[in-house]
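Here come two complexes built around chain A, the first alongside chain B, the second alongside chain C.
== the complex of A and B ==
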């Protein structure tokens, strides 16, 4: 125990912290610029000077650690004089342009000058001028306002790991600059502008539109872009969303955001938002009243149910809709007598999770994000976390900086500078490498851990390839695999981060489970959408009811059905791609799509689109006129994430509250679904989202008794207040070709997960479009020069399925013979070029037809 | 891009330090030699070999006065005009360079042949005026012999 005295107040501390932290924890404010809770200490701004008894001169509170018996004064005349001098130095060149500075009102410099002075300047020399940097579409730099606290640079290199900005030039002329000196060429996380204490780096999105004191409401909500579920504060002025900001210490993101979260929110105010229900008449979608639209949907669905049976109806739930929306939606589909309900979570998330849970036990992916940074080894497989889940990627980079071994299997350019090793087998040969790794680790560990007998029995009959065989099969070095195996085996705390590509394939998912078991590693499942986990938990699956209860268990099914007043059919429904296939063959006649864009987001676009066209009746509920909505018979406009209440469940399986920050006319997804439900005779008496949560808490054993108050109070981690299902262990068989590497050589088409976009919503965001306006073909410098292509050339990319003309972008982050195309821009998506085959167990579509030819245009 | 030989040189420098950032300054000199100045490509090339972010490289380079931050001519004349050299007519040489070659102080001749930088004493007062052309030292300059000397630099 350390006892110190600050301002005559005795303070007891468990462990040595800095004087500044000790003071802060006890409500004593010490002014500071360069100190920031998340950043490394620097001690450069000299604002936090304090007097310490028996020390000859003033000390910086942010770097001085407390010692027992220390006596500190944080305010005195000497200190005020020193601080005034510091401020006077800063004001030598800082302009007095507060009246036109967006930061005014939340500027530390403004506040401290008010507190300590000086009230007038003594310098006659002209101030050094830096022209305002308006060359960047998102970030405006006002370097004459910069006070050189270097918070932004320490954030960029120390935390974000992008190292895109640096202090440039010398002395008085120093400024913070990106490499080009003008435009940023970075990840656009914008974390530099969060930490800027003055108006030197700011967002252009809300420039000159409001002052911090004009904010009428600050609402804590969750980011709508990916499954990390970053906590953010929405600042509202007169019912308009002005900006979103993170808050230090709040949520798993701990004060960080990524570019999508920070700059992507403008889609909410897009003029392209759907406002009225539309009904197709004479082949054209025409505005209609809500009554007419809802009646049409209900009566057509009823007709089809009566004529072709409930099995002819299918529903695709929405990964960006809330738990409440999705719960109501699956109830509606089941109420129509169908278990044909699935979602985009099928593309790798849900299936992967099922295998992990089946092999390792329930809740195995419920792992707090903070565990990554504390790991001493991180294995990444099947995706690039820095692009899919940027804030999760930052945690991996932090682990690397702390000395953890970071090993990637497959393409992960975002971790290029933050990994100890990367293995790059053929995209369909992850399994071989993992097989080799497992046998090398087992050789190193000498024995299995014991504990999970069935799994160990399974491992012994897996016919794992030796490290040598694996290396030979995918043309890697056996020594590399052996070395990495040693690193993993020697680590005491291992995290495995699994992407969609690895989760959707049962073989790789099984091998990940084995790796996790023998290394005692935590599993983190990357999640591309904000509520993929919620879809699983709410029963938007053809074989599961809310709370992760299998449909096959009769007792549970009956109980659930009784509480809804319906008979839930016993037969499992179709999965996502099976529904599309059934639509194509005529088995499915009606489809209800909520908050999803299957015509664009599912592989083999052309066939998917044709299948949707064959439907007798297609309802699309969305906030934009998507590719799918254009084909619909009825389009129902919904509300966006900031306009409704509810909950999302993130990839950590943490339920978080979404709060309504602005009101517009319209109906939430759950309300529209309930209106349809009522019209077909279902009991859906919901007045507000909380009513649905009450019903969820009654019906789902996992969420038993859970309320919004619990969630907000922090009682929001899996298994909440409920009971996880006693897991039935299930061990699928490895495919015969699980440990083979495809023989074919040549260029391989890969899906780019663009950092700046996430599909249907992000492409309606002007800010994100300004930094990433179009689809490109990304090639490594070697591939491009082999094809005689330069940056900016146009090339025709052809596969068996079709061809696209795309602009070439040379990307040094890419290794090997791979060509990356995103699936983000209308009419320019990778899924129009590739086919798929269904994984027999996870039923995820696995990309087929990666062989491409590229011609210069 | 850097030549293979230069990459080897930078790699060798990198091995001499526990942290590759230690090799930044000499590596930038090597790149400057190859590119003529610290162009964005030069930074990029060094960044790839050292594994140090290019924004950081640029930040470091901008601190120092003797890196070239803009393109220079084929030959760099660094002429001293400090006291001794001035007394022995260095200012006349400055005018000569301007009139004959069009090389202004801090600028480059229109044909891209010479760039002129004025130095503060290069320690050659005993044989003033003096100059450096690239890395070659010349002293006892006169209006006659300077043109002869410069003829060697095409």
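== the complex of A and C ==
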């Protein structure tokens, strides 16, 4: 125990912290510029000078650690004089343009000058001038205002790991510049904007549009872009969203955001938003009244149910919609007598989680994000976390900086500079490498941990390839595999980060479970959409009821059905891709799509579109006119994330509150669904989102008794206040070819998950489009020169399924013979080029037909 | 006491005193102004109808849309919506004052760092509709041209409100941190 005295107040501390932190924790404010809670200490601004007894000179509180018996004074005549001088020096070159500076009102310099400020400057020479950096579409730099606290640089290199900016020049002439010149060429996370204490680096999105004190409301909500579920504050002025900002220490993101979250919000105010319900008349979608549209949907669905049975109806739930929306939606579909309900979570998330839970126990993916940064080793399989879940990626980079071993299997260019080793087998041969790793680890550990008997029995009969065999099959070095296995086996705390591709493939998912078991590792399942976990928990699965209860258990099914006042059919429904197949063969006649765009987001676009066209009746509920909505018979406009109340469940299985910040006319997804439900004769008496939460808390054993107050009060971690489903161990069989690497050679087509885009929403965001405006074909320099292609050339990419003409972009982050195409831009998606096969267990579509030919145009 | 009271009662001294004042006033000139026909000249610094200062050099408003007038306004009747202009400078897209709520305290004039808003000496603007008493940017700039253009406007700032930015003016328009001279 350390006892110190600050301003005559005795403070007891458990461990040595800096004077600044000790003071802050006890409500004593010490002014500072360069110190920031998540950045490393620097001690450069000299604003936090304090007097310490028995020390001859003033000390910087941010770098001075407390010692027992220390006596500190934070305010005195001497200190004020010193601080005033610091401010006077800063103001030699800092312009006095507060009236137009967007930072005014939340500017630290402004506040401190008001507090200590000199009334006059004694410096006679003219100020150094820098023209404003207006060449970047998102970030505007005003280097006249910079006070050289280097917070942005320390954020960029120390936390974000992008190292895109640095201080250039010396002395008076120093300024913060991106390495790429006037325009940024970085991850556009914008975390430098958060930490800038003055107005030197600011967002261009809301430039000059409001002053900080004109904000009428600040609402804490959750980011609508990916499954990390970053907490953010939405600032609203007069019912218009001005900007979103993170808050230090709040949520899993701890004050960080990525480019999508920070700059992507403008889609809310897009002019392309759907406003009126549309009904197809004479082959054209025409505006209709809500009454007419809802009546049409209800009566057509009832007709189809009566004529072809409930099984002819299918529903695709939305991973962008809240838990409340999805709960109401699955109730509607089940109320129509069908279990054909699935969602985009089928693309790898739901299946992977099922296998992990089946092999390791329930709730195995409920792991707090902060655990990654504290790991000794991180293994990344099946995706690039710094592009899919950027903030999760930052946590891995932080772990690497702390000395953790980071190993990636497959392409992960975002971790290129932050990994110990990157193994790059054939995209379909992740399993071989993992098999090799497992057998090498087992050789190293000599015995299995014991504890999970059935799993251990399974491991013994797995026919794992030896490290040498695996290395040979994947053209890697056996030594590498051996060394990495040693590193993993030696680590005391391991995290495994699993992407969609690895989760969807049952073999990889099983091997991940085995690795997790033998290394006692935490599993982090990447989630590309904000509420994939919510879809699973709310029962938007063909074989699951809310709360993760299997449909097959009769007692639970009856109980659930009784509380809804319906008979839930006992047969399991069709999964996502099976629904599409059934639609094309005529088995499914009507489909209700909520907040999803299957015509674009599902593989084999052409056939999917064809199947949707064959439907007798298609209802699409969305906020934009998507490819699917254009084919629909009825289009229902919904509300966006900032316009509704509800909850999202993130990849950590944490339920977080979404709060309504702006109100526009229209109906929330759950309200539309409830209106349809009422017309069909279902009991859906919901007045507000909280009513649905009440029903969920009653019906779902996992969410038993959960209220919004609990969620906001921090009672939001799995298994909440309820009971998880137990006793459902299941061990699928490994496929016969799990450990064989495909022999095929040549260029391989890969799905790019771009950092700047995520699908329907990001497409309509002008800021994201300005930094990534079009679909490109990414090639490694070697591949491009082999094909005689240069940056900016157009190339025709052809597969068996079709061809696309794309602009070539040479990307030095890509290794090996791979061509990357994203699936984000209309008419130019990768899924129009590839086919798929269904995994027999997870039922996820696995990409097939990666062989491509590229011709210069 | 009794005697004095009796004298007062008998001789109506108080009435005579009153009548003396009446006769005196009758002979002095009248103070009542025949208002609509005869206008009252506003005193210097009178706080009447608002106007946005038009810069004679550019013909545009001087306002930089800092919002300090709206922030200080005790009755919160100033609405400013700013944006980035084509020259990347900040400007007020909408500058509106609700006259029916204004209390004519002139805090806005005092707060303005660049001397962009004034209260003119014009006071005759009653109307039957609220719309007519809702000032937009165009109306406010027209007010300046109508009531304050020329030397009158220049005089106004010299005499009354001294924009704070003038104290700090250094070189090529860049405000400088310097003590007020003199």
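As a working rule, the second predicted complex is superposed on the first by the 857 of 857 C-alpha atoms of A that agree within 3 Å, B and C clash if a C-alpha of one lies under 4 Å from a C-alpha of the other, contacts with A are read in each partner's own complex, and residues count from 1 in each chain.
The criterion applied here is as follows: a residue touches a chain if its C-beta (ideal position, glycine included) is under 8 Å from a C-beta of that chain, and two chains touch if they have at least 3 such contacts.
Values in this document were obtained by computation on a predicted structure and should not be read as measured data.
Contacts of A:164 after superposition: chain B is touched, whereas chain C is not reached. Once the two complexes are overlaid on the shared chain, A:121 sits against chain C while remaining clear of chain B. Shared-chain residue A:207: touches chain C; no touch with chain B. In the superposition on chain A, A:129 contacts chain C only, with no contact to chain B. Partner contacting the larger number of chain A residues, of chain B and chain C: C. With both structures placed on the common chain, the touch criterion links A:585 to neither chain B nor chain C. Of the two partner chains placed around the shared chain by superposition, chain B is the only one that A:178 touches, whereas chain C remains out of contact.
Judged by the touch definition given at the top, the superposed model places A:96 against chain C, while chain B stays out of reach.
Residues of chain B touching chain A in their complex: 40, 43, 48, 51, 53-56, 58-60, 62-63. Chain A makes touch with chain B in their complex at residues 157, 163-170, 177-181, 417, 812.
On the side of chain A, the complex with chain C involves touching residues 91, 95-100, 104, 118-121, 126-127, 129, 132, 134, 207-211, 213-214. Chain C makes touch with chain A in their complex at residues 64-68, 70-71, 81-84, 88-91, 113-114, 165, 168, 170-171, 174-179.
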